[in-house]
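Chains here go by letter, A, B, C, D and E, matching the order in which they are written, and residues are numbered from 1 within each.
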Amino acid sequence: MAESHTRSAYGTARQAGGGRRSSRRPAALIFFGAVVAVVLFVWALAAAFEYVDGLVVADSHRVAETGEIVRTRFGGPLTTAEIVDYLPERLRFRPVSWLFWPLQFSLVRDAIAVTGLVGFVSVFTMYAIWWERKVAAHIQSRLGPMRVGGWHGWAQSLADKIKLLTKEDLVPAGADRILYRLAPYMAFTPVLLAFVALPFGTYWVLRNLDVALLFVLAMLGIEVIAVIVAGWASNNKWSLYGGMREASQMVAYESPMGLALLVPIMLAGTLNLAAIGDQQQAGFHMWVVFRNPFAAVAFVLYFVAALASCKRAPFDLPEAESELVAGFMTEYSGFRWGVFFFAEYTSMFVVSGLATTLFLGAWYSPLPAGWGEALAGGGVVARAAHGLLFSGPLWFIAKCVALVYVQIWLRWTLPRVRIDQVLYLFVQVLLPLGMVVLLGNTLWVFLVPEDGIVAVVANTLLCTAGVIVAAAFLGVAVVARARRYRLVGSLAVDHLPGA
Amino acid sequence: MRHALRWIVMAGVWSALAGTAWGAEAPVPPAESSSTILEAIAFYAMAAVALLSGLAILVSRNLVRNVVCLLAALGAVAGLYFLLAANLLGAIQLIVYAGGTLVLITFGVMLTSRPGSDRQLVRGWERIAGGVVCVTLFIGLCMVLLCTEWATVAASAEPTTVAAVGRALLTDYLVPFELASVLLLVMLIGAAYLVRRDGESGAEDDADRC
Amino acid sequence: MWTIGLTHYLILAAMLFCIGVAVIVTKRNAIGILFGVELILNAGNLNLVAFSRYRGADIAGQVVAMFGIVLAAAEAAIAVAIVVNLYNATATIDVDSATTLRG
Amino acid sequence: MTAEEITAVLEQELADAIAGADSGGMHPHVWVTAVRLHDVMQFLRDDSRLQFNMLRCVSGVDGPASNEIDVVYDLLSMQPAVSELWRARHAFAVKVRLDRANPHVPSVADLWPTADWHEREAYDLFGIVFDGHPDSIKDHDGLHPQRILCPDDWVGYPLRKDYVFPDEYHGIPGKLEAVPPGPG
Amino acid sequence: MAKLTDKMVEGQPDLLADLDAETLATDDLLTEEMLVNMGPQHPSTHGVLRILLRTDGEVVREATPHIGYLHRCAEKIGENVAPFQFIPTTDRLDYLAAMNNNQTFSVAVEQLVGIEVPERAVTIRILMAELNRIASHLVSLGAYGLDMGAFTPFLYAFRERERIMDLFEAACGARLTYSYITIGGVTMDLPDGFTDACREFLEYLEPKIHEYNQLLSYNQIFIKRAGGVGVISAADAIAWGLTGPCLRASGVRWDLRRCMPYEGYEQYDFEVPIGLPQGGEPPVPPGVPQPRVPRGVVVGDCWSRYFVRVIEMYWSVHLVRQALDRLRPGEHKAKLPRSLKLPVGEIYFEGENPRGQLGFLVIGDGSPVPSRVKVRGPSFNNLSITSHVCRDCLLADVPAIVGSIDIVMGEVDR
C-alpha cells in the first residue's frame, strides 16, 4: 500500500514541477543563459579571428626551442595538424579535422574547460547537499531522503533545485534592492573563479598560475564581503548580526590560516600549486603532512581555520539558526538562497582542494610510484588498473570528498561555539600555535638533514600514525555497520518505514 | 540610475573573471595577432569598470554601495595588473586590498553609520567647484602625459615569477622592506591605542567592540 | 588602436586619480573621504606597474607598488580607528562638524 | 510550628493588623487589613520563628455576592540544610478582603521578587491594583501594574464573574453572532 | 529595573547638545543600541515566547520576556466545569507532562473532598507520572542540544521518547494529552503485557542515558557554552520562586516528593540530585556508571540545570522499577457519585512536576462546580528570572539560558 501511495505522490510532483513558470523574470534563467552565452561567444570569436590572423598560431617546434615547460598537454600553442595526428589512424579523415578545428585556439580550450568546470562544480554541489542529508540522517539513526528519484532519493537535490527555481522572487521592503540581488552572485563568482588555479591532475589545470595559492586565498577572501553586504542589504536585524559576525570571524581566522599555509610553501619553495603537488608524487610517505611533525600540526591548524572560512561545523555563527534565525540568509528565499547554498558547498570543496594539494599529496595516489610505472608498462588490464589506481583527477576528488565528509561529520556531532570563544580560540590559541609551527618548521628545514636519521624516523612515525588513523576509521565504520541493529535495539526493525 | 549601477558592477565581476582567466598566461603577441586584440578588449573592459565604479562612488550616497563599487574598482585594477604581467601583485591586491582593507572599511561603515544619516550633506556649489578642480587637474595631467616621449623598451610579456620578486625584496629593497614592517608595528599599536574607549584600561574584551 | 601602449595606462591612472580627488572634495562623510584616498593610491600603483611592464620588465615598479598596497592597508586602519574615535566623541562622522581639537 | 501557633504569634505581635483567623481546615490562613499587609508580610518573612522564605502563589478570588475581592498569599517556610534534604517547616496563607469597586493593596514585590509577575497577573485578570509595584505604568486607568497576559490595550478584567466577553477586538470577532455574514 | 518601553530609551546621555540644529533635526534617536525582538516566531524560544532584547553589539543590556501569546484562560474554564471535566484542560497546561498535571489536580480535589484512592490506582499513577517525567526530560535535553547547535541529540532523545509514547498509547490511547489520571484513580486499568513492555524499555533506556552524557554533556564545546553561564544563586532562586530542576541546580536539595510527600512517595527510595561544583559526583542509582561534574562548571549555571535533569531521569527509571514491583491486583478507580458535590472550603496543593511545583488553589462552595481554580505554573515563575539573569550576557547566551530554564508556554500563559 505504501508503494502505490508514494508512486502517485511522485507522479503528482512531476506535474507540479512543470506548472506555469512565474510571470516575472526568474533570476535562474539569466544566470544559466549567461553561462551558455559565454560558450557560444567563444565559438563565434574563434571563427572571426581566423580571418583577422590569416596565419596559424605560432608553430609547435618553437616550443621545443625555448624549453618552455608545457604544463598541459594542450597548454602550449598548437595546430590543427598536430591535433589530427594525435588521433588514432582510423579517424584521420577530412571532416574530423574540421570538427577539431577550433581546438587550436587557446581561448576555445579555456571556454570548454570553464564549461566543464562549471558542470563539475554544479554536479558536485548538488550531490554534496544530498550526501550531507544522507550522512546526517545515518548519524542520527534515521534514513534521510528515500523517495525522490528511486534508490535512496538520489534526485532529492534536483527536486529541491526545481522547487527553488519556481519559488517567488521577492525582495524585502526597505532592502537595498541592488545589493540584495547582487550579493549571492558576489558570493558565488569568486569561489567558482578559485577553480581556475586548482590543479585536478598533471594535465587538468585551467591556468597554472605562478601565484595559484595566493589567487585561491584571494577568492575566498572576497566571498566575505559578499556575506557582509548581504547581511546589510536585507534590512533585517538578524541578517545584520550574521554579517557582522562573519566580518569578525574572518578577521579572526585569516591570520592563523595564512601562517598554516606558509609551512607547505616553505617545504616546496613555490606558490605554484602544480609544483607543490609534483613534490609529493612518490607515494604517501612523501606527503607534506608526514614530512615533519610541524607540517602535521599545520594541516590540523589549516583545516580548523578552513572550517571557519566556509562557515561550517562549530563555527557556523553567521547563519546560526538557533540564535539568529538564519543569519545573513534570513531574507533570502528561492533561487538566491540556492546560490548562497551553492557557494557554501563549492567553498567547502575549494578549501578541501587546497588542503589536499598542499598537505595530502595533491592528485598522486598513496600507492608507491614504483607500482605505477610497473602497471603503466604492462598489458591492457595492467594499464586499466594503472588508469584506475593512479589517475590524477580521481584521487584528487577522492581526497577532497573525504575531507568534505569530515566537515559534514563535524557539523552533525558538535554544538556551536560562541562568537567571543571563536575570537579567543583563533587569536589567542591558534595564532601563537601557528607561529610556533612556522618557527619549528623553519628550524626543522635548516637543522635536520634531508635524508638524515631524524628525518626518516619522524617520517616513518608520522606515516604509521597516519595509517593507524585511517585503519581505525575504516575499522570503526565496518564494526558499526555490522552491529548497527544492536546499537539501535529492536527499534531498527519495526519502526523504520520500509527499512 | 539604479539599473546602470547594477550593470556596471555585474560587468566588473564578469570582466574580472575574463581578465584573470585570460590575462594570466598572455601568449606570445606577434603583431596584431588575435591575442593582442583580446588583450585590448580586456584592457578597455577593465578600464571601463574601474572608471565607472569610481564615478559610482562619486555619485551614490549609500556607503555600503560605495563599498561594493570600491570592490569592483579594486577587482578591475587587479585584472589590469594581471594584464601587465604582474601576477603576484594582482593576487596580493586581491588579498590585502579587496579581502583585508575593504573589510576594515566595512567595519568602519557599520560602526559609525546611523539609519538615515548617509545622505549627501554637500551643498550645490561645492559639487560644481569640485568638478571644475578635477577637470582642470585632468587636463593638466593629460598635457604632460601626451607630449612627453616615454622611452619604452618592448620586453617579452613573461609574467614575473614570484621568485624574482622575492629575491628583489630581500636583496635590493631590504631597507624599505624592514621599514614597512616597522611601520606596520607602529600602526598596530597606534590603532589599538586610539580605539581604546576612554576610561577603560587596555584589556578591552573583543566581544564588546564587535 | 588595438595595441595597448604605456600612454593608455597613464591616461587611465590619471582619470582614476582625478575621480579620487573629486570623491575627497565632495564627500563630507569621513568614510567617504577614505574611499577617495583608496582610489588615488590605486591610481598611483597602476602607474608604477605600467612603467615596470613597459620599461624592460624590471620589477622595481612592482615591488614599490607592493609597498604602496601595504601602506594603504596601514593608512586605512589608522583612518578607521580615528573615525571610530570621532564617532564616539561626537555623535556624527560629518567632517565639517569635527572642528574642535579637544580630545 | 502549627497553624494555631503561627496565628498566636501574629496576634501577639501585630494584633491591630489581624482581622480574623481560620487555622482549622486544610488551608490555614489569617485575614489581614489591606493597609497593614506589607508590615505583616515583612514580619512573616523576617521573624526568626516564622522565616517564610518562599512566596508560593498570589491569587485573586472574586466574590460578587458579598461585593468584595480577596487576595490570597500562600507562603512556605523551608528549613535550609547544607547537603541533606531541606525540611518544610510550615505552610501558611494570608488573605486580604478588598472592596470590589476599587481594590487597592500594597505590593510585596520588594520582599519576594516572584510577586512581581504574580501581581501583574492578578491585576490583569482581576483589576486588583498593587500600589508601589515596580512595573506600574500610568494610562487611562491611572497608575497600575502593567498587564502580563492580555494585550496592553485590553478592556475589562477577564476572570471577574460579571465579565462580558467583548464582541470584537481590533476587528477580530469575539462571538459567533458578531461574525459578519460571509460572501458565500 | 528600569522598565523598557518601545519608545525612546531613557537615560541616553545627551550627546547632541553642541551640534547645529540642522543635523539634530534629522537624527531623532541617537543610540548604538538596538531593540531586537527574539520571538514570538523564533527557532530557539520554546513555543510562542517573545523576548525584547536591548543589545549593544553582541552584548544584551536588557532582556524583557513578553508572554501571553498562548493564554487560553484555563482558570475561567475551571470555574464553569465540574472537576473531572477540567482534567483535559490540565493536560494542556504543561503539554509535555500531562500525566503529572492530571495527578496533581486529582490529588488536590481528592484532598478537598476527602476521597480514598485504591492502592493499585496510586501505584499506577506514580508509574505513569515518573514515565512522563522521563519523556519530558528527554524533550528538554534534546531541545537544549538544539539551542546549542548540536542537532543530533535532539533526534536520539525523540527516538527514546517514541518508546514511552507507545507505552502511554497502549495504556490510554493518547500520545500527548492523555487525561488518563482522573479524580478517584485512573480511567482504565493497565493492558496486559504492559509491565513487561515497560521493564524492557527501562533495560533499553538506562545505557542510552550514559551514551548521551558522552555525546553531549561531556562535550568540551557544550561545557564551554553552558558552564558558568546564567548562574543563579540559591537565594535568588528562592526569592524568584524557582522550583524543580532550576531550584535544585542552585544547590537547594528540595523536592516535594521527599520534603512534603504525597501519593505514597515516602514508601519509595530515591535520591534528590542537586547542582554540584567541579568534580562533584551526583548520587546515582546502583548499576549506573558514576558521572562526574567536569571542569568549568559552577553550581547554579546552565550546565547544572541540564545535568540535574539527566540524573533525575536515572532516578525516575529506578522509581518506575519500584512501582512495577509494587503493583498488586485491585480496583483501579474509587466509586464516586454521579455529580460530586464539592464541600464549602478551599485547598492549596502543589505537586512535583518535571519543570517545578505545579500548584492548584481549589475553592468549593457546595455546588459540583468549584468557585475558583487558581493554577500556579512552575514555568511562569522560572521564566520571570530571565530578565535578571540575562542582563549583560551575550546574544548567543540568551537561548542557552532560556533553554536551560526549560519553559513550556502552556503553563506560563495558562
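Following the convention adopted for this analysis, a residue touches a chain if its C-beta (ideal position, glycine included) is under 8 Å from a C-beta of that chain, and two chains touch if they have at least 3 such contacts.
Keep in mind that this is a model prediction, so the values were computed, not measured.
Treat chain E as missing and name each group of chains that still hangs together through touching.
Result with chain E masked: A, B, C | D.
Quick check on this structure: which chain has its C-alpha centroid closest to the centroid of all protein C-alpha atoms?
It is chain A that sits nearest the middle.
What pair of chains is linked by the largest number of C-beta pairs in contact?
Contact tally peaks for the chain pair B-C.
Provide the C-alpha centroid distance between chain A and chain D, rounded to the nearest whole angstrom.
Going by mean C-alpha positions, chain A sits 64 Å from chain D.
Counting in whole Å, what is the centre-to-centre distance of chain A and chain C, each centre being its mean C-alpha position?
Going by mean C-alpha positions, chain A sits 35 Å from chain C.
Go ahead and note the Å separation of the Cα centroids belonging to chain C and chain D.
69
Whole-Å distance, chain B centre to chain C centre, using C-alpha means?
8
Among all residues of chain A, which ones touch two or more of the remaining chains?
244-245, 419-420
Could you pull out the residues of chain C that touch at least 2 other chains?
92, 94
Show which residues of chain B lie in contact with chain A when the two form their complex.
2, 5-6, 9-10, 13-14, 16-17, 20-22, 24-25, 27-28, 30, 32-34, 37-38, 62, 64-65, 67-68, 71, 75, 87-88, 90-92, 94-95, 98-100, 102-103, 106-107, 110, 159, 161-163, 205-207, 210
Would you tell me which residues of chain C are touching chain B in their complex?
1-12, 14-23, 25-32, 34-36, 38-39, 42, 45-46, 49-50, 52-57, 59-60, 62-67, 69-74, 76-85, 87-88, 92-94, 96, 103
Over in the complex, which chain D residues touch chain E? Could you list them?
25-27, 53-57, 59, 61-62, 72, 74, 78, 80-81, 83-88, 91, 93, 112-114, 116-117, 121, 125, 134-135, 137, 146-151, 158-159, 161
Touching residues of chain E toward chain A in the complex: what are they?
Per the stated touch rule, the residues are 34, 36, 42-44, 57-58, 145-152, 155-156, 159, 162-163, 204, 215-216, 219, 221-222, 224-225, 394-399.
Going by the contact rule at the top, pick out the chain B residues touching chain C in the complex.
Touch list, chain B to chain C: 32, 36-37, 39-40, 43, 47, 50-51, 54-55, 57-58, 63, 66, 70, 73-74, 77, 80-81, 83-86, 88-89, 92-93, 96-97, 100-101, 104-105, 107-109, 111-112, 114, 117-118, 120-122, 126-127, 129-131, 133-135, 137-138, 141-142, 145-146, 150-153, 155-158, 160, 164-165, 168-169, 172-173, 176, 180, 183-184, 187-188, 190-191, 194-195, 197-198.
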